[in-house]
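These notes concern the structure reproduced below.
Residue numbering begins at 1 within each chain, and the chains themselves are lettered A, B, C and D in the order written.
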Amino acid sequence: MTNRILTKLLCASALVAVPLAANAVDLEITHWWTSGGEAAAVRALAEQFEATSDNTWVDGAIAGSGGVARPIIISRILGGDPMAATQLNHGQQAVELIEAGLMLDLTDIAEAGDWANIVNPPSLLEACTVEGRVYCVPLNIHSPQWMWTSLSAFDAAGVAPAQNWDDLKAAAPALREAGKQPLVSGAQGWQYANQFNTFVSGLGGEDLYYAVYRDGDEAALMGTEMKAIWDEIVITRDLMAGTAIQDWNLATAEVINGNAAAQVMGDWAQGEFAVAGKTAGSDYDCIIGMGRAQLIATAGDAFYFPVNKDEEVTAAQKELAQVLISPEAQVTFNLKKGSLPVRGDIDMSTAGTCMQKGLAVLADGGTIDSSDMLLSPDAVGQIQDMLVDFYASDMSAEDAQAEFAKIVMSDK
Amino acid sequence: MTALPDPDRGAVRAKAAPARRPSRLLHNPMSKVAAMPMIATALVIFVGCSLWTVVHSFTDSKLLPRLNFVGFEQYERLWSSSRWITSVENIAIYGVTALVLSLVLGFLFAALLDQRIRAEGIFRTIILYPYALSFIVTGLVWQWVLNPDFGIQNVVRDLGFASFSFDPLNNPDTVMIALLMAGLWQGTGLVTVIMLAGLRGVDEDIWKATRVDGIPAWKTYLFVVVPILRPVFVTATVLIATGIVKLYDLVVALTNGGPGSATQMPALYVYDAMFAKQNLAQGFAASTIMLLAVLVLLIPWSIHEFGGKKRG
Amino acid sequence: MLDTVPPVSSALDDISVSIRDLELAFGSVKVLKDLNIDIHKGEFLVLLGASGCGKSTLLNCIAGLLEPTGGQIFIEGQNVTWAEPSERGIGMVFQSYALYPQMSVKSNLSFGLKNAKLPKDQIEKRVARAAEILHLGPLLDRKPGALSGGQRQRVAIGRALVRDVDVFLFDEPLSNLDAKLRAELRVELKRLHQSLANTMIYVTHDQVEAMTLADRIAIMKGGVIQQLAAPLEIYNTPANLYVAGFIGAPPMNFIQGALRGTDFEGIINVPMQGYGFSAAPKDGAVVFGIRPEHVLVNDAAASCAVQTRVVVDVVEPMGADTLLWCTLGGDEFRIRLDGQTPIRQGDTITVGIDPARASLFDKETEIRL
Amino acid sequence: MADLSVNTPATRLLDGPSGKRKRARFTPKRIMIYGALLLVSFYYLLPLWVMVMTSLKGMPEVRMGNIFAPPVEITFEPWVKAWAQACTGLNCDGLSRGFWNSVQITVPSVVLSIIIASVNGYALVNWRFKGSEIFFTILIFGAFIPYQVMIYPIVIILRELGLMGSVWGLVMVHTIFGMPILTLLFRNYFASLPEELFKAARVDGAGFWRIFLKVLVPMSLPIFTVAVILQLTGIWNDFLFGVIYTKPATYPMTVQLNNIVNSVQGVKEYNVNMAATLLTGIVPLTVYLISGKLFVRGIASGAVKG
């Protein structure tokens, strides 16, 4: 089948310059953490990697998230001259590459490092496992199930800060009166999808979430429970009306300076509040699962290592993998990045209050698989397009529900 | 006494003609060798890759190209996707408007520059400099200029027109204007220069004849000069059209398809399908439709170029 | 047609175009210097001169396409010095014909009239009339690209004809055509002029066109009119050395010498009693000129007062006549005889000159004596 | 009697207008033309003005001030930062890292693509062989193909040629994608040259290359200028090919620009972004400004078929 041919071709023609020094290898690492906070986190990783082994981290940063990086990754791999390691999101993005045998098998170091037990939640490692072999190193957890509220906005409206979705709905008229935007979001597909995801897991609970995203069960998709959630989504459309923002961090800025009351955005928004010098609890609040089901999805990033003919490079790749999962790297990287670690056995006490909340939920197992892990990138993209149409029009809850169901079911 | 022909006397004349005319292929071989890169590019790259794309548009290739065929499934999905329909409408609207405006503005600016004004060189440089900048630059700057908070709207409001509102980037109905403003800002310069060159090629006597006939300048430009510049308009149209069909960088830099899907374009759909949705076949299906559209557009052009008049 | 307003002054009664003290300078370079010409109604005036003598510039001034720096231009009694070309009642035919390439012959003819908002039937009538006069009937729907040089030329004339202009201006219209077609069109132009009786001003550098077409010729050099007279008068009594040398192919033979009383003394001596001096002759350096066709040879020369012998270097038989290229006193000496002459290259022939056909020019002023 | 008008008596002027008409310096037509051109220039210069002004302001002034206002206290710090200090991922050496890469990519690409395109144009016009016009039509068709679609097939082709990941691979890609429009321009230009020139050289026995190099190239400076500007602008500003077909060590400047400008998180340093965009645009802009006139003359003959 073509995949087998591809692999033979690749191995045959992969030209790799044999490094001069015995084991000092240049590892070219592709990732898309280019802005302030993220770059600092990556630097911590690089320093630790170069400290523990005398290989060098050749930085291949490309801004523009997965959309820009992906053609580069695939072209370099298809072109037979791959990078040493590359960031990808947890989930099915690399499944094809793994099946085509283009990704390095890490099962040996996974078993040696006993990853099965230290990785928490285990579903993260499962996402890296295909036919029992481990092909990636989970690095962090970002979850979309957070709502960030501006305490000053609520004070201005003379209403107690909302602790959950119902409070926010109730406070909306007063907020409008005070000239505050009840709910704010950037007008991009992935932001709408994150928010919708949070509503399904938060208001619907774990069973409905899996029935919808994992099983694609028609009864659940078209059922009354989902209909109720779609009705809430229609309400969000009204609460969000009046903003004309594209980038997510500009929406967060609205919450930071108190023009908007709330935004549903992943935990990476925490970095924006930190940079703006705001403190959780006094300036803003972070609420999981719309204040209802304390569930956080384990989206986030993992590192994959394209197959390489040169043993030294492969050895260096494995050293890097072990560094990425090491306790020190997990602590320093995740603190700087504002994401949750994939290891349960490390001390994250210095983390901020919101991160502590996340850690607590993580500790008592309140995690669910992210939609990236349950749906193919194609379906994820179609849902985003559909939601863009939804928020740009007056599409009814019923039509939206039907459209969403069709997309999910066609992916199963 | 028969005079033997002096053998060396005829030496200078050409050697006896070969028995049979050489086959056309061997006729001046060097030109064919020199044209080899063109032939290779045309066949291998443009024809080869297009066929490769069309073939793969009938498969279910996701992240990596593979050849298990699924018939017209990708096309069915394509035409049922509202985002694709919107992007086809958008490219039609933007394409026609941009093409017409480019040609009209280009000709107008060229006519202005053709009035033997003193600072022609400076004005021409001003109109053409944006062409040297990349679309990322154009998108970034125009995002700023059109931004309601600190762009034009803000400045005009400071001048006292408090109610003035000009926020095309975030209003789906007027975002096309923003795209046109940036696109024309970038592209009209080249069209102007081409038109100016064409104007300068018009025979001076024709202008004198129209003055003698008492025909006002604007009528002369419209009814006499424009028909004469038809070949220039055709070339300009080809240059503009290639830019429009492949419109991608400017939209990504300026509006990234937003607000909503108001500026979604086919090229964006292709890129998003191939790399974000990791559905190569869907991307290839979309681009095959674009290729067909181009073929339909290109046939009249090539008839004009090579049909009718043989090279004189 | 210009609504005829009574002419400004009686001096312009039958004058169609009057150029008065016309000056034109591009920056410091004077292209036209103090020109004065009065062209009568219906006259065919030719502006003749080498390229760069200012003839086209003058024509463009008359047409209003160039603005003079001094002097006035009157057309049909109107002072049009500051008028737009279209307000002067003139039509112009350019060297490149300047037809509107993408329009059919019919629209080429009617474009100007449509613009002048003439009623439809008027336009039809005029176009039909012009087409009939210029035999353009079958060509009306063709594009200029599909016409021959001669046909295009006629359409260009038609464009002025339909506007009933008073004055036709021609800017070397035949120079793009081949010799045979040029001869045909010359005749047609002559016939047209006779039938229309419009004033025509024609610019050319070809003396044959000038001699055949013109009622009067203005020979120009350096922006100044050397002579303005009828063709034969210019041919027989050139006003100065330049005009003498310019008109006539092959050009007039010149012999340097001096005038003693009424005798020319140079390589050959010629008694000049029979010569019509315009003023009392006075001694001094002069130039003696005799046209090749006025030189008599061998027995024909017997009756001439002055004879000499020359050797023939080159013989140029041209059918109608033959040219002999000889040398006389180191200078080239040209003779034109009838085509059947038996003289061969290398012969020595006797040459006779009839003083009455000769011309004398003052050496310094080059003006005819 | 001969009317010797050469020495007529004193002036014959009659009353009424004479000599040069006193044109008012500012006729309504002139005002309208210059007015329109000034308005157009304002529209065209506005973005450049904004870029330059912003790149000379400190961030506080940018945040609160109006972007059209000139800087209160001018600072070149954004330029220095954009050039040498801005972080583009892990490396914090600004655009300088990519500048020489861009030069190393652009120069060979421009040279190679122009050589091939000019030979194409020359062969198409003077040495028409059966099917040459068909190949040209395919080329023009190729100019319309959205290049994103060609990425993977070209990756496979480059891999088979062993050029994948090397600068020469990228040079080949730029040559391929620049070829259609350039060939069109050269073909139109050579078609506009008098054909007798070519025939005379052939009669003298000159071969394919001698005619091209000795006869045609020397008289084609304008069209070569146009080709250089179009190719240089296209290649210097390219991002996608540069990032796909090479490796981080040879990434062109536009990749650093993209990383500076498109980093979403954290505070956006608009003044550094503007300085970076200006720095990236300087090379194509200067080349264009130097050859302005030649560009116009070249376009004249390149745009219209002979």
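Going forward, a contact is a pair of C-beta atoms (placed from the backbone, for glycine too) under 8 Å apart; a residue touches a chain by one contact, two chains touch by 3 or more.
Chain identities (UniProt): A = Probable sugar-binding periplasmic protein; B = Lactose transport system permease protein LacF; C = sn-glycerol-3-phosphate import ATP-binding protein UgpC; D = L-arabinose transport system permease protein AraQ.
Quick caveat: nothing in here was measured; it's all calculated off a predicted structure.
Of all chains in the assembly, those touching subunit A and also subunit D are B. The chain with its C-alpha centre at the largest distance from the centre of subunit B is C. Between subunit C and subunit D the centroid-to-centroid distance comes to 53 Å (mean Cα coordinates, whole Å). If you average the CA atoms of subunit B and of subunit C, the two centres end up 54 Å from each other. Averaging C-alpha coordinates per chain places the centre of subunit B 15 Å away from that of subunit D.
With centres taken as mean Cα positions, subunit C sits 92 Å from subunit A.
Residues of subunit A in contact with at least two other chains: 71, 74, 78. Residue positions 65, 271, 274 of subunit B each touch two or more of the other chains.
Among the residues of subunit D, those in touch with two or more other chains are 148, 152, 258, 261. In this structure, the chains touch in the following pairs: A-B, A-D, B-C, B-D, C-D. Of all the residues in subunit D, the ones that touch subunit B in their complex are 33-34, 36-37, 40-41, 43-48, 50-51, 54, 66-68, 116, 119-120, 122-124, 126-130, 132-133, 135-150, 152-154, 157, 175-176, 179-181, 183-184, 188, 191, 207-209, 229, 233, 236-239, 254, 257-258, 261, 270, 273-274, 277, 280-281, 284-285, 287-289, 292-293, 295-297, 299-301, 303-306.
On the side of subunit B, the complex with subunit A involves touching residues 62-67, 81-83, 148, 167, 169-172, 255-256, 258-262, 271-279, 282.
Residues of subunit C touching subunit D in their complex: 8-9, 11, 20-21, 23, 36-37, 67-72, 74, 79, 81-82, 224-229, 233, 237, 239. By the touch rule above, subunit D contacts subunit C in their complex via residues 2-6, 8, 11-21. Those residues of subunit D that touch subunit A in the shared complex are 87-91, 148, 151-152, 155-156, 158-159, 162, 164-165, 240, 243-245, 247-249, 255, 258-267.
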